[in-house]
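Two complexes come next, and they have one chain in common, chain A, joined by chain B in the first and chain C in the second.
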Partner chain A sequence: MAQTLITRPRAYRPGLWTRLRAGLSYGGGVGQWSWLFHRVTGIGIAIFLLIHIVDTFFVVAYPRLYDHTVSIYGGVFNGEYYWPLRWGFRVGELGLIACVVFHAINGVRIIAFDFNPKASAHAPMAFNLVMAAFLLIMVPVTVWVLLPLAEPSKHWKMPEARPEGPALVAGAEPAPR
Partner chain B sequence: MAATDTQKRKLTVKVHRYDPERDQAPHWETYQVEAEGHDRVLDVIQNIKWYQDESLTLRRSCAHGVCGSDAMRINGVNALACKILIKNLRSDTLTVEPILGLPVIKDLVVDMKPFFDHYKSVMPYLVNDEPAPTTERLQSPEERARFDDTTKCILCACCTTSCPPFWGDRKYVGPAAIVNAHRFIFDSRDRAAAERLEILNDAEGVWRCRTVFNCTNACPRDIPVTQAIQEVKRAMLTGDVGVEEEEGAVALTA
Partner chain C sequence: MASRRVKPTGGYELWWWYFMRVSGLLLVFLALGHLFITHILNNVEVINYHFVSSRWANPQTGVIWRLWDLTMINLAVLHGFNGVREVLYEYIASNRARIMVSTIIWSSAVGLIAIGSYAILLFHSDKDYIRDFEDANRGGTAIHAPVLPPTTIARQP
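Moving on to the complex of A and B:
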């Protein structure tokens, strides 16, 4: 008698990584790209807010650490000036502005569809308008943000730390910028 | 390349294959097929099945864009294989994959049960407990036009499986279910709009929609899917499921 083997066929469900790759390769057009950019820029803004809340918290809690942190943003770490640090933070700042600008304009586009469902018919044109407005804002902003990099840093001679004590109270010298 | 209807094209067809009894994961297989411009992608796949590899598995029934059985990812975009003509393909390489987001049973066949479960969850049938009139339940042309687009759905799953939120979240009811809810929510003869809106007023209901517009682009019946979803969202907030009175239109009274 032939042995009967009952094998239960398994349906294939791709894992997260495979779905991610398949999803990115789906030819969804501008709608899918605007959705993806909206998500990515949202994560970018959330990361900035986290950093921003932490460093602003230092103003009250650890004023010296705050000065130190702000000088890092200017490219000075432990009293030494490192140009890649300064350039990195400047370009990062530009990226942040790009994230906020795109997220804001595209958000308005999405809200417009919520208020007027019939506008959905013009979705591709609306995306083109968003990109046009984004570029219109970002071109001068890019020049404005990156131009200071052409000049030497004002921060590199900055004293590493101010004297001991509550530094950022009234009467103290203004924080170096 | 401007291909005419009778011009023969030598196609390289890449098919995503999966045999549940042998394979751990799907793989690609390549076939060479000669097809004419007026052939459809379905003809090409059937040519492979009939003359090259009979183990190739796919669903198809009417083969004329009505039954919605042969939805698949063709060159990276969801479509019905019976509605894409070879002369409209940009390149001579054709990739065919099962639709995304549903478990693959074999080759191009996916398990549609999750899709139909979502469909059933929105009560896609007329609900009206009022005593039936001796004639039809009458409706004005304007009232009928209100949901005309969403009556066209053939439940092929092209929209739901093109939806990024659905790829990431199997519990999301998906565009197709919302379209079919829209068809009854805005029907003046139906009395269960509030119930359906309550079902869809959920994190896994219409609010999971991110207005990606993949569904609208994928729909082989040209239903403005995203617009329908937005209208359901709006009805949820305003509670208004009546006919929109446009400027110049005269509201009919019974």
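Moving on to the complex of A and C:
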């Protein structure tokens, strides 16, 4: 019996651009967009989650450092107010809310389809429903979140540092326990 | 790329498939509720140590807030980091790289759950700091009393 020699062809590897395009697409149509948005918003929320857990850890570790950190979100850095900081964080905050809202609504759609596969015949309508619900929530939320920017920042003062104790933030020492 | 969003047939990945759906549904309420309280009822500009303390260290409702945040942090980290792992697995085919990815993902997830749960469970209000804070904000800048759902008892002066 003759041995068949199988020569494996060299694996064809597409170029970077093709691989990127293939990696970011999912069959085309509306399904591709909800898939891509779901993925991008999910990764964004996970990165924010990492930052948010670390900054909240300061609340139990160093109260003063916590107040120093969260006051940056309101545009105050080391007791000085910088409006671009406040405006920037406001827009970022809105982006975060939009990511979570979209991910939540679209996630519910995915679960509904998973447990009711026949419904996927109506995928385009479901996508429109998701976008309608998203806009319905996000329009008033956008107004509500951006409205305070019209008024001066209501920032609070960090207490004077107590003289004793090691410095954690430049120029600020923690209160002794 | 033909095998996307297909229910796994069994084992570890199927377990995660169910976890993502169950935790996702719970997080719709926990995370959106959290965003509603912090960004709609309140405002990032008024969230500070005083605010956190009035929630977590509240003698009546502190337990509820801590339970809420503890459940949310655990589910969110597992859901989020497993999601990132699943995304990376689609782009990474080599076994060795996958092992590396999961090692990094799961050690950071365990670390985050640890520090998050530590903060939530072992928080105690620093009375000295709160007193200094109230002194510093008397008069001019008002101390913002957190807007919380009606079960919360108002802070005593």
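Going forward, the second predicted complex is superposed on the first by the 132 of 177 C-alpha atoms of A that agree within 3 Å, B and C clash if a C-alpha of one lies under 4 Å from a C-alpha of the other, contacts with A are read in each partner's own complex, and residues count from 1 in each chain.
We take it that contacts are C-beta pairs under 8 Å (C-beta built on N, C-alpha and C of every residue); 3 or more make two chains touch, one makes a residue touch a chain.
Nothing here was measured: the structure is a model prediction, and the numbers come from that model.
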Dominant toucher of chain A (residue count), chain B or chain C: C
Touching partner for A:Val70 - first (chain B), second (chain C), both, neither: second
Which of chain B and chain C A:Val101 touches, first, second, both or neither: second
Which superposed partner A:Ala22 touches (first chain B, second chain C, both, neither): both
Which of chain B and chain C A:Tyr82 touches, first, second, both or neither: neither
Which superposed partner A:Ser120 touches (first chain B, second chain C, both, neither): first
Contacts of A:Phe134 with chain B and chain C, given as first, second, both or neither: neither
Partner chain(s) touched by A:Ile53 [first = chain B, second = chain C, both, neither]: second
Residues of chain A at both interfaces, chain B in one complex, chain C in the other: 22-23, 25-26, 35, 110, 114
Complex contacts: residues of chain A adjacent to chain B: 7, 9-13, 19, 22-23, 25-29, 31-32, 35, 110, 113-114, 117-118, 120-121, 123
In the complex, chain A residues that touch chain C: 22-23, 25-26, 35, 39, 42-43, 45-46, 49-50, 53-54, 56-57, 59-61, 63-64, 66-67, 70-71, 73-75, 86, 89, 93, 97, 100-101, 104, 107-108, 110-111, 114, 141, 144-145, 148, 153-160, 162, 174-177
Chain A partner contacts - residues on chain B that touch it in the complex: 18, 20-21, 23, 25-26, 73, 75-77, 97, 100-101, 103-106, 111, 162, 164, 167-168, 210-214, 216-217, 224, 226-228, 230-231, 233-234
In the complex with chain A, residue positions of chain C that touch it: 1, 4-5, 7, 21, 24-25, 27-28, 31-32, 35, 39-40, 43-50, 52, 73, 76-77, 80-81, 83-84, 87, 90-91, 108, 112, 115-116, 118-119, 122-123, 126, 128-129, 132-133, 135-137, 140-144
